[in-house]
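Which chain is which? They are A, B, C and D, in the order written, and residues in each are numbered from 1.
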Amino acid sequence: MTPRRHLFTVFRHTVLLLWTLVVLFPIGWMVMTSFKDSGDWVSWPARWVPFVDFEPTLLNYRQIFYFGGSTDTGALRREQTEQAYNIWKAAFDSVVIVTVSSVVSLLLGSTLAYAISRFRTGGKNYPYTILTIRMLPPIVVAIPMLIYFASLPEAFTWLVGRRVEFFDTYYGLTLLYIVTTLPYVIWMMLAFIDEVPRELEHAARLMGASRLTTIRKVVFPLVASGMAVTLLFVFILNWSEFLLALTLSQPKVLTLPVLLNKFQSAVEGRLYGPQAAIGTVVTIPVVVLGFLIQKHLVKGFSFGMIRR
Amino acid sequence: MSGVRLDAIVKTFGKTEAVRGVSLDIADGEFVVFVGPSGCGKTTTLNIIAGLESPTSGQVYIGADRVTDWEPRDRNLGMVFQSLALFPHVTVFDNIAFPLRIKRMRAAAVAERVRAVAATVKVSHLLDKKPGTLSGGEAQRVALARTIVVQPAVFLMDEPLSSLDAKLRVEMRTELKRLHASLGATFIYVTHDQAEAMTMADRIVVMHLGQVQQVGAPLAVYGDPANRFVAGFFGVPAMNFIDGELRGDGDALVFESPAVRLELKGGEPLAARPVTLGVRPEHVRLTRDASGGRATVSLLEPLGDETLVFLEYGGAGSLVAKVDAEEALAVGDRRGFTFRRDRIVFFDTETGERILRS
Amino acid sequence: MTESRGPAPAGPPSRTRLSRWLERERVFRILPLIPVQALVLALLFVPMVLTVYISLLRWRLTRGFWTDAPWGGVSNFVDALTDEGFFDAVGRTFLFAGGSVVLELGIGFGLALLTYRSFRGRRFYFTVFLVPMMIIPVVVGYDFSMLLIDTGPLNSVLSALTGRDIRIRWLSEYRAAQAAVILADAWQWTSLTFLIFVSGLAALPRDPIRAAEVMGATRWQVFRHVELPLLKPVIVIALVIRTMEALKIFDMPMLLTQGGPGNATETISIYLWRNAWIFNKISYAAAASLILLVIFAALIYLSIWLLRRERSRLEAETAR
Amino acid sequence: MRNRGIVWAVLLALLTVGVASAQQVPGNTVEERAVNGARAYLKKIGVDRLEQTMMMVSLFAKAQPKYLEEWEKLTGIRIKTIEYGYTEIPAKIMADAVAKTGQYDIYNHQMYMLPDAVEAGAVLALDDFAARGKPHFDDIAKTLRSEMYYKGKLYTFFTDGDQTVLALRKDLVELPEARKAFKAKFGWEPGCPDTWKQWEELASFFQGKKGDKFHGVTLDNDLYGAQEYRAREFGYRWWQGRYLSRGKLFFDRNMKPLIDGPEGIETTKDQVALTKHMPKDIFGWGTPQNYPFFAQGNSFSIATFPSLVGYSQNAPRTVVKGKVLSCVVPGSMVGGKLLRRAVQPAGTNYMVSSFSKHPEAAYWFLQWFTGPAVGNRTVADRDGFWEPFRVGQDKDANIVARFGEQFMSVTLENAKIAVPMIPLQGNREYFDALDVALQEAYHGRISAEEAMKRTARQWERITDDIGRKRQIEAWKHVVESGAYFDAAGY
């Protein structure tokens, strides 16, 4: 190792460690706060060392896991009540809605990306046009969506003789999440599918496979890691979505970001402890998921902008 | 087993015409090679036969069926691609088994058939490997195995040997020829390599600019080219072309260019017209006298058994002659040269069409 | 033989009509488009039309939509275009988006350059760097609102580092609050730009780089003249994606400062939210959001135009 | 249940006679009538059980359920609660007005939400039910009572006063040396201030740095002079009380804003001046920051919600247990007389949804829950955030036990001078205009005059936008109902 190289290694690790600190600091603080009692959430100087500066407690976790909702900043214990919501309910709803919408979005988007890649479906500009969807700030559509969702049941009654509710239902939110993530699915999958040689498909089709079989047996397996990456990406987007859920769901359907917003206390303000606890809890699954597919991640995010 | 017939195939992509009216009859069991420079429309034609692309107009027949609108999978074809198109995500076995499984053959039968075919193309030891780990030749065989496993009536091959090294390519040529003989199926082979065309084809179809230039047996195409393009395309080194003027008075034809003058016996009376004379290097002879013309040796390329001689002869470019290696020559020597008269061909300078074809 | 080939059957007898129909390129080209277009039309287009209609009324939530919403024509648009608050909010949104995107791209690119080739510890850094984008923004908002309180840990750390008593009022002082929003956003989304850049760098073709190295180029020259030009499309896409998302920023300032102090962190999304849900001015909000949409679209189409130019150049180069 | 016999007898009578609906429901107390009314309603619709839903401020998740269970036992009506953060609820009510889901029977929010909710058609007028249920409002101060009405109709019930209170550090104010020094400087004995000016004098005096000697004691912390809300969404609430104490209304009879007069400007200047004695961080603080700060002994005085007093006695790490002096909210000298106004910055209330399938059942719960007897129990409830406001609650042993005598006497004084924040349609937009201008003024970016001028201009625009005629009519109802005692400037 030459001295210059050595110097570079030192420089590299210094910079990277610095950023590691920047990244871990807020997360660490959140985890720490989740173990603090209310008096320690906000205090000057800040309380750092567990058992020395503050007495760790599971109160926050007990609160979120048993009941949901919130209480005074002082006394946290509360009898278990028949709450419409708790973290389990929100977690269930989030998982169902986000999983279904992400998977459906992935399938629809991938198939369309295939068609675009192979036949220029929708014309040369289609991928760019579809990107417009992503530009719409959700607040722009949230209110019309509410009116629309409110009048859809009537429309359905009139059309098919059955009342179909959209407001505050699983599929209402699911459908919206599908649409809002489609642009990214199409873009990312287009990049992956463009890289699959057409001859592979030609070969399959000459050997007797139908187009659908070809896609299923040849194309999709080849872009599997790309699909995993795309799925993770739209999963994260949907998992985090706040504004549409806030406007168009509750009380029957409740997602985690919306639940988080409920942890408010006396007159107005935040229950940092339970918020930190729930934040810690909802972050873990996504981080684990990301960790599991980490090695695929690198492949996916150049959006096909570089051709090998 | 079936023949293939193309009837006035036209294919346009937007404004570009890739194939402009190709009609062709390919007999059952024939080995036909489409040859031409890249962009000549040969691969498009092949894809149209395969059904991977549909013609803008014209019809495709396989056997007795008009298959123009049929899907590829219904045409009973086998195809080997330039890139071989082995599925990288599954093993060699699964690659070979793929078409059988698509046809919903029972697993036991699949295994049996795959093993049998693997044995014929000598890839039995590779069955558990993934394509990515194979050598070029091995991959080639696997691709063949995957194609023949369903016993198609017609084999389509799109430059399958282009990724192999020279030696392997020559070996595979022989092997393909043997395979053709043993299968008795119709082979349609696309290449830009004239050597492959010459060595393997029963008939060669020369394509250029979306049109068929000439169809014929290899030697016929080589020796009796239909136009200047075909003449120039075959042969290494290429045919010599000399622009000049030709006229005939009934007794003799006279070709005249600044550097070369030739008199040929016979022929009909002919008004003077610009032509291009074509003569292959092996038909150029060097002499001690100056019966044809005089030239200076500018470069020598020994090939071993023969030597290529580049001559400054006073015309544009150099004249290439292929002479026996024994001939004692040195750069700077001045020699006379003549052409084998019976092998000289003439093309219309403007159209490139052959004239005075006997 | 020619005579025997009369008009052939339309297709092989073995297939059903449906499967034949499905196989046609024309059908297959269009089919995947249908569900997507149907969803887009039903779920986005119709509400958009409704938005346009509402924007032409003078409807408040405190009045019946069908009964008490008089026609307003373009008055809402005029109101919005003459409202300082609207343009201030748009301006702030651009400031935040600009600030955070620059930070994200800069830091993300730097980190990517340091990590994309393998070295000891790469996996660890990689794991850590990707975490922020996986955290729900609402959680990040809450987290930062804890970190940034004036008596909070960030000021403690800064004080300890500088040896002075630093009490930056991150959430209650104008500039500091604006910086806080940008920092929080950058903290979270640098992980995405980092990932995009690492991904792009990893996908760079080796040969041109090696060729340059063989030709005696220094590391910097290789980067400047080979890698950077090759990466340009990736940089543009990171820019487009992040700009698109950053312009919609809502959760972060809402949770950190609720738009305060004053209006210091009121982004356009918060402005619209306030007008719609607190002031009940639905028609006005609709009109303002349509104007906003035009502004955003112009901006984003500009970047897409950039993107396309890069892409088509790339395609032209690959075709060669 | 001493009246059970009577109840049954009455029920029997009801059944046999079939009383016309407009007639008073039998029962001696508000609560009895509510229970009877509910039972009769169930009979009428032919069920013996009913399930209803309340949109509830999450703050009450701990306290509310036991009353709901009790109600279910009494009547067979089960009320489910759905919790929302307090900031979420307005949008949820408005969204419900659009989506008309009928998912909620009762909305629980705060007083100032009423006008918008009524105008949006989300809540139901309760006069017809009240005519039969005869709820009892006599022991509620007139100004607070006025808040239950909008344009002359009854819409909401409440059991929470929530009028502002001022709290001082008793231990500091009673330091003999400090008293002497203070008197020498300002000429009056330190204690509960009568005027805003006096509060500022107190604040300027009672402060110091950590480790300083302060008239005989060593300070453990930095001590700030005062706390009053200055954060966005908060500051304007306290401003309104201060302004009204200067004897002016918000609007004249044509809805022309009056706040840009000298009274408004002075109010703003007062607030800005007091800010000097507060921690710098106050601009970002809501209750969860303000309460602990005071409880942990970092400041001398605080004007806030009345729940602070109870909080500071029980909070973790509190150092002010037994050291808090509650004060009647200060006022201003107007025409030689001291005028005090305690703004009601929040005030938990209950409304019946227009989309409820059984609004009458929902009404009976409201009447029962907010009645004098049950209401006293809720106020005494240590889990709740219902604050005293009724005349006579200082006699209720449980309530006194919870809040202490000193606080009770003060808060009931404050209840007498309690005034609502602007109870008009679009009030949150009026508030926001004021809020933004005040924030600018607090931060010294604009002058108090400019802030008031801006606000007035915005208010004019808002009034025109909503419809001046509508607003004039509504404002007339407000003023004439005596919500602000008198009609100064009207």
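The working rule: a residue touches a chain if its C-beta (ideal position, glycine included) is under 8 Å from a C-beta of that chain, and two chains touch if they have at least 3 such contacts.
Only a predicted model underlies this, so the values are computations on that prediction, with no experimental measurement involved.
J.: Most remote chain relative to chain A, going by C-alpha centroids?
T.: Centroid comparison gives B as the farthest chain from chain A.
J.: Go through C-D and B-C and name the pair with more C-beta contacts between its chains.
T.: By the number of C-beta pairs in contact, the winner is C-D.
J.: Can you compute the centre-to-centre distance for chain C and chain D, using the mean CA position of each chain? Integer Å is fine.
T.: 42
J.: Measuring centre to centre with CA averages, how many angstrom lie between chain B and chain D?
T.: 95
J.: So how far apart, in whole Å, are chain B and chain C when each is placed at the average of its C-alpha atoms?
T.: Once rounded, the distance between the two centres reads 54 Å.
J.: So, what's the distance in Å between the C-alpha centres of chain C and chain A?
T.: Chain centroid spacing, chain A to chain C, equals 14 Å.
J.: List, in ascending order, every residue of chain A touching at least 2 other chains.
T.: 42-43, 147, 210, 261, 270, 272
J.: Among the residues of chain D, pick out those that touch two or more other chains and give their numbers.
T.: 91, 98, 233, 289
J.: Touching at least two other chains at once: which residues of chain B meet that condition?
T.: Correct list: 71.
J.: Work through the pairs of chains, note which ones touch, and then classify the graph as line, ring, star, complete or other.
T.: other
J.: How do the chains pair up in terms of touching? List each pair.
T.: The set of touching chain pairs is A-B, A-C, A-D, B-C, C-D.
J.: Would you pull the chain C residues touching chain A in the complex into a rising list?
T.: Result: residues 19, 22-23, 25, 28-33, 35-36, 39-40, 43-44, 46-48, 50-51, 54, 65, 107, 110-111, 114-115, 119, 121, 125-140, 142-147, 149-153, 156-157, 187, 191-192, 195-196, 198-200, 202-205, 230-231, 233-234, 236-237, 240, 244-245, 247-248, 250-251, 268-269, 272-273, 276, 282, 285-286, 289-290, 292-293, 296-297, 300, 304, 307-308, 310-311, 314, 318 of chain C touch chain A.
J.: In the complex formed with chain C, which residues of chain A make contact?
T.: 9, 12-13, 15-16, 19-20, 22-27, 29-30, 33, 41-46, 48, 108-109, 111-112, 114-115, 119, 121-122, 128, 130-145, 147-148, 175-176, 178-179, 182, 210-212, 236, 239-240, 242-243, 256-257, 260-261, 270, 272, 275-276, 278-279, 282-283, 286-287, 289-291, 294, 297-303, 305-308
J.: Using the touch definition from the top, list the residues of chain B that touch chain A in their complex.
T.: It comes out as residues 47, 50-52, 71-73, 75, 77-79, 81-83, 85, 87-90, 98-99, 102-103, 146, 150, 156.
J.: Within their complex, state which residues of chain B touch chain C.
T.: Within the complex, chain B contacts chain C at residues 3, 5, 25, 54, 61, 64-67, 69-71, 74.
J.: In the complex of these two chains, what residues of chain D are touching chain C?
T.: Going through chain D, the ones touching chain C are 90-91, 94, 97-98, 116, 119-121, 231-233, 280-285, 289, 425-426, 428-429, 432, 436, 439-440, 443, 445, 465-466.
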